[in-house]
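Naming follows writing order (A, B, C, D and E), and every chain is counted from residue 1.
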Amino acid sequence: MASYETGDVVLTAVEKCFGDSSVVKGIDLTIRKGEFFSLLGPSGCGKTTTLRMIAGLEEPTSGSISIRGERMNGVPINKRPTNLVFQKLALFPHLNVWDNVAFGLKLKRVPEAEIRTRVGEMLDMVRLSGFESRSIASLSGGQQQRVAIARAVVNKPAVLLLDEPLGALDLKLQTHLQEELRRIQRELAMTFVYVTHNQTEAMAMSDRIGVMNAGQLEQVGAAADLYLRPQTEFVAGFVGQTNLIGGKVTAIGETTISIEAFGLTFDAVRRSAVETGQAVTFSLRPEQIRIAQAGGAGIQLPLVDATFFGATATYRLQVPGGTIVAQTQGDLQMLAPGQTVSVSWPPEAVVLLTGGQS
Amino acid sequence: ATRISQFIWTGAQEPVPRKLAEAYMKAHPDVTIELTAGTNAAMYPKIKASLDISANDPLVNFGFFNLDASAKGRTANVFAPLDKTAVPNVENILDAYRQPDDIGAIFCMDVCGLVYNTDKIKEPPKSWNDLFDPKYKGKVALFDYYWAGNGLVALAKLNGGSEDNIEPGMKIYADAAAAGQFHSLYTSNAQLQQLLVSGEVWIAPYFRGVALPWAAGGAPIGYSVPTEGQVTFPEGFQLVRGGSAEQTRISQEIINLSLAPEAVLDYCKTASVLPLMKNVTLPADLAKDPAVQPEALKSAINLDYAKMAANHTAWSDQWNKRVKVNL
Amino acid sequence: MTGGKALGTFRSFYVPAMLVGPATLIVLIPFIASLVVLGVYSVGFYPGGAGFDLGVWKTFLSDSYSWTVIFTSIRLAVIVTFFCLLIGYPVACALVRLDSMLMSIIAYTVIFSPLLMSVVVRSYGWLLLLSDSGFLNSLLGAWPLNLGPYRLIYNEIGVIIALVHILLPFAVLPLITVLLQQPQQLREAAADLGASPFAIFWKVTFPLSLPGVIVAAEIVFALAVSAFVTPAVLGGGRVLNLSRLVYENIGNIEWGLAAVQALILLIAAVGVLLILERFNRRTFGEKS
Amino acid sequence: MQARAGDSKAAVLMLRMVLGAVLVFMAAPILIVVANSFNSSQFNVWPPAGFTLDWYHKALTMPQFQRGFVNSVIAGVLSTLVVLAVGTPLAYAIVRIKFRGKSLLQGVLLGPLVVPRIAMGFSLFVLYLASGSGLYGSMSGIVLGHALLMLPFVVSVLVANLGEVDPIVEEAARDLGAGAVEAFVRVVLPQIRPGLIVAGLLAFITSFDEVETTIFLVKPVVNTLPIEMYLYLDQYQDPTLAALSTLLIALSMLLVLVGLMFAKRGSLRFLLGGRGA
Amino acid sequence: MASYETGDVVLTAVEKCFGDSSVVKGIDLTIRKGEFFSLLGPSGCGKTTTLRMIAGLEEPTSGSISIRGERMNGVPINKRPTNLVFQKLALFPHLNVWDNVAFGLKLKRVPEAEIRTRVGEMLDMVRLSGFESRSIASLSGGQQQRVAIARAVVNKPAVLLLDEPLGALDLKLQTHLQEELRRIQRELAMTFVYVTHNQTEAMAMSDRIGVMNAGQLEQVGAAADLYLRPQTEFVAGFVGQTNLIGGKVTAIGETTISIEAFGLTFDAVRRSAVETGQAVTFSLRPEQIRIAQAGGAGIQLPLVDATFFGATATYRLQVPGGTIVAQTQGDLQMLAPGQTVSVSWPPEAVVLLTGGQS
């Protein structure tokens, strides 16, 4: 399971309890050297706890953690080749911006001149040049978050742990920092473990993503894997928006199968073994649903609701027994709720879910 | 080289012993005398405790003690007898004050009478009973602590009691306290001075040696000798047990030097106390003082400090319960 | 978040030992040893003592007068602690709001100066202020009040006034430090939720400053219960507390009795302090 | 006055008034003593009989006061340093670490505060002599005795302060490569600066003011200033001690002034630091 | 400018300086009663400061703020009909979850029974039932944020101020809480001032949005206004991703104009007065750019880079002198970088920017 040859950070059966509530419930995970690995999961699922265990801030209740083949249990925090960007920032209130960022380098007795360049570059990267001597308390929320990022990244650790580092930043800064982090990671061949609740971000940046739920890893894979081939309802529902639809297999063809759901029958690509008559759940992504003026090809469905998001818009469509959501992009003119529209999707868009219910 | 540790009293009592010690050290370069200035109250318990712990390494070799501490030390076996041959000057001490076995050389004394505010009381008080006179109600202060011992016994004696029966004295104090006669109890010289000068307190029993310098400095304070007699407060040297033979020898030598007439006179003048030596006569100006007239001294109330030391705890307990509680 | 294990390796035996060790070695062990000395002396084991004997304990504890003194000591300390906190808290609040150099220097030195003069010298000031014919009584006695004179010195009131005076700095300082450390955001949040300044104080500022209040209370109580010079000088003999008895008995070479009284004072006071500590832990146990 | 969030004008006004009243209360007896220090009468007559600086001259020139002052400063500084050095880790252990016997330790810690000073002095005296350590009458003996009396203050104040420091910043320092001690020194210590200053101040003043225990521990060479004052007072009742007290107050005022200058901004708040305001 | 009849929260020439740095530089803004108004802007632009001034936590250096027609300058914080969800949370560490949420109600002496129901409902809404007696310190980042929301919302103030309230939550919770907040706001006809750095969120929820930049309001309008008709480069660039292209007007037709940019000429809708030869900047949204296999209709451009975001994917295309970004959605198969593709966009997608450069 854990391949020690390629594994940079390896968690084996790691569990963590606080008192008698079990927060991380047995995680096995191998993160490869130089990989950008994201942990994605809902609030309270144990992401921060997992990261803190890797950093050494929390001792696992059981199980072991190793980094670069060395067992880490019991190794003091400051002897681990990791740095953490704290979710709660944990900036030093008594030091100014510069001294916060220079903290780790000074501890390592990096020469003064090098500290100056590295901290300067880092503040440039997080766009806080000019804020060097500001006190932490006088910074805005986003500025504080950027200091926290700079403080960890400037040390160029072998493994960088980031706990929702971009949560308080606007999209532009997010994009900028995502690119910068990506660049640094590649240049220095660092391993990143990145915690986020933002699946778009996770998918854009990561080599692989682990989806956590209630203390367990549900699925690990590349972005497209998770998005296009989720194994569980939870993953399908959590990684991007989706329509989870219950139906029945009515016929099995050469490359496609027929499915009946909410009174309609339609085709899907045949991927896993199913039998006629079997009850199945499948996922249909909103952006796969095409909408056209009524009377076109496809199913005719009434439009219940429309929301404009800028680049995209979502439409809620009435189906027998509920609604499904479709997403379009680039609409310069929105369709008005109330009318009936033609709806269609390609058979490949229908993904049968194989994993457990959750 | 021999180290000698000598205990002296602070203040006016300091200069003479210091002078003598310096002279001695000059004459005997191999001897160092370490002087520790302090009060009996603070020093005596330390000396006693140190002897308990190491009997052969006393905190001080000899020093200056009042009769109260002397009596306590005698019962507790703290002090050693003086060798008459080493300290021939003990022979000159008035017989009445010569100590049994020459444990200590009690060579001077202070006396205790009535101290009063001369602005408030024009006619000097005459009797110890003035302390209980209703016209001074709320204007009388007493010394807490020692006074529990010597004031109590003195009053008991005047009223038919003795060191063995202090009840007559105790009763008077208890009743007066309950009647609101006393303003307060004081614990230090400074406090009494403040009380008297400010007029808060008009009259109090206290030492002549303390009150005279106040009066001399211009304070509205007077000292008067009660007709029943002043209470004596003898003081002198004690040799502490446990010193080496050499230390004992030198200590006694210094004691002997200190008992020389000139030294005693010098001491008495600087410290405003009265000599108890056969071979010392007071200079004329001092001799005029009514407090030191032979009749006054003869009628003075001498207390049995040994008995008092034995009863001290029980009395102070009673004092607390019957007098202080009722103030 | 409690620092799960910033102190990771600290779980071992050695780390607490290293942290507690120096203090234990050079301070606590001598203290415990001196307690042992007192304990041994209190049961008659001292050079020249009578050997093992619980008599002193028995006599002292069976005397109702002893209990009066014990209760006086504690009552006095409780009253002094109460007033020190009552006065000290607003003073600390005002001090942390001082922003002028001059005022700071004045306030600070005034609050500390009592500690720099001997109680006997200070009592002279009190005498002039509080005595029957002192400033305060003449003020009260003047027209239109025509009150008094009141006995304000050489009794328990005098002792309380003087102890509050001298112990106030010990209450103010711990309070200042906790008030300074409180994050402003929390008071803002309370105000935003509709709390009046009064409510902010009682629901946020005060509860958050409780550790400091308790520390202040502990220190003041302990110092008040064991004080003896001030009660002796300003009590005019009317205020009997246990420390005073200890003082007398050491002077009288009554080692056993002095030790018993010292230990009883220790036990009684530690009892009161433990109640305070318990309270402290109950309020803040959850936090860390 | 610097207002803080949630201050009402009335409350601030009231605080000012309370502070004013308390300052008057605190200062009143002191001012009388100060005035008396210039009193030409040697027996404390009030109102002062005339103006003189004699008592100051006396206070400044008496060798025992000079020596006592030096001894007191040495004892105060050393014992403050010792007690901070051993008390800080102890307070840290109490706040941050679970270990066995902690409640017992906390109980014992309160002890030196409560045992009557004089009993402490007596039993330490017995210990010093009985242990044959030569501590009696030595500066080390005084420093140790004072450290013992002060430890409870220092630890209580520091415990209350450390409780306010978020442990997460220590975690951050550790994560950035600081060893346990380094993290403490670089991150925790600066944040408890007010506590350290206050604890140190309390400790120093306690030492500088201590008579009852100290009197059992000293020999003349190491007599501290309060001991010398105590002994002086036993014999002389003139205003010399009023002058000496006034000098001490003036000196401490000067020290505050220097402290405030050093802290750049002119207030106690800045002297002590803190993050609330 | 400020219409006091309809204005619920009116800011007139509000400025704020900290020391000598000016942080809010003269804002005039009227927020209507019952409106969901969002403040959108980059990190450090003054959003939090503006909100804090409305709440009364910060006194404006100059200018006035009024709520419901009443001038608020000098009115104490607790007397204002506002509640704030703090960006830095500011939860009471000495109270548990329940008591934190009940804090405001208790102060108002709401009857015990009502407190119980209201706090219970609120904890339900933020999905923290069961956490009532937990200490704040033992909550995860997202859980703490939810307590902060509940603590403010439970009071049902006339004006609710929210400072990035959903930043630490995952998309599912965000969507849930967005809906709940929207529902509460409508039901109680509350006015919301919502600070966010997330334009998708702002656009989905708000009646109107104010875009702030460096202490100034750049543009105020409905979501579609801002997105489709940005007035300044800053707004165009900040509200959603866009391609800002400099060009020259070459010809003016009846309804269209011709523009020349990076060596190509194409049409745009004629909206504002322009002259031939005028240099212009225009915005072209990535999602308006259609990409097809090379050889189709449109311009042929080389594909530089492709990123998969789940529902959407972005492509970077080479143009003379730079790159432009296109976004597609619902791609089941990504195009590989390196190849040349056909690119086209509708003339309406080209938006000339009229406002100042920034």
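As a convention for this text, a residue touches a chain if its C-beta (ideal position, glycine included) is under 8 Å from a C-beta of that chain, and two chains touch if they have at least 3 such contacts.
Heads up on the chains, UniProt names are A, E = ABC transporter ATP-binding protein; C, D = ABC transporter permease.
Keep in mind that this is a model prediction, so the values were computed, not measured.
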| item | value |
| --- | --- |
| From subunit A, the most remote chain by mean C-alpha position | B |
| Most widely separated chain from subunit E, with each centre as the mean of CA atoms | B |
| Subunit B and subunit D (ABC transporter permease): spacing of chain centres that average the CA atoms, whole Å | 37 |
| Distance between chain centroids, defined by C-alpha means - subunit C (ABC transporter permease), subunit D (ABC transporter permease) (Å) | 14 |
| Between subunit A and subunit B, centroid-to-centroid distance (C-alpha), Å | 91 |
| Euclidean distance of C-alpha centroids - subunit A vs subunit E, Å | 22 |
| Set of subunit C (ABC transporter permease) residues in contact with two or more other chains | 1-4, 6, 9, 120-121, 124, 128, 183, 188, 190-191, 195-197, 200, 204, 250, 284, 287-288 |
| For subunit A, residues contacting two or more additional chains | 56-57, 76-77, 88 |
| Multi-partner residues of subunit B (at least 2 other chains) | 45, 49, 53, 188, 190, 194, 198 |
| Subunit D (ABC transporter permease) residues within the subunit A interface of the complex | 166, 168-169, 171-180, 182-183, 186-187, 190-191, 273, 275 |
| Subunit A - residues contacting subunit E, complex | 18, 41-44, 48, 87-88, 138-143, 145-146, 163-164, 167-173, 175, 197-200, 203-204, 223-224, 227-228, 237-241, 285-288, 307-312, 327-330, 332, 334, 346, 348-349 |
| Footprint of subunit C (ABC transporter permease) on subunit D (ABC transporter permease) - complex, ascending | 1-8, 11-12, 14-16, 18-19, 22-23, 25-33, 36, 44, 46, 82-83, 85-87, 89-90, 92-93, 95-97, 99, 105-120, 122-124, 126-127, 144, 147-148, 151-153, 155-157, 159-161, 163-165, 167-168, 170-171, 174, 180, 183, 194-195, 198, 201-202, 205, 208-209, 211-212, 226, 229-230, 233, 241-242, 245, 248-249, 252-253, 256-257, 260, 266-269, 271-277 |
| Residue numbers on subunit C (ABC transporter permease) that touch subunit E, as the complex places them | 1-2, 183, 185-186, 188-197, 199-200, 203-204, 207-208, 283-284, 286-288 |
| Touch list for subunit C (ABC transporter permease) against partner subunit B, complex | 46-48, 65, 68, 120-121, 123-124, 127-128, 131-133, 154, 232-233, 236-238, 240, 245, 248-255, 257 |
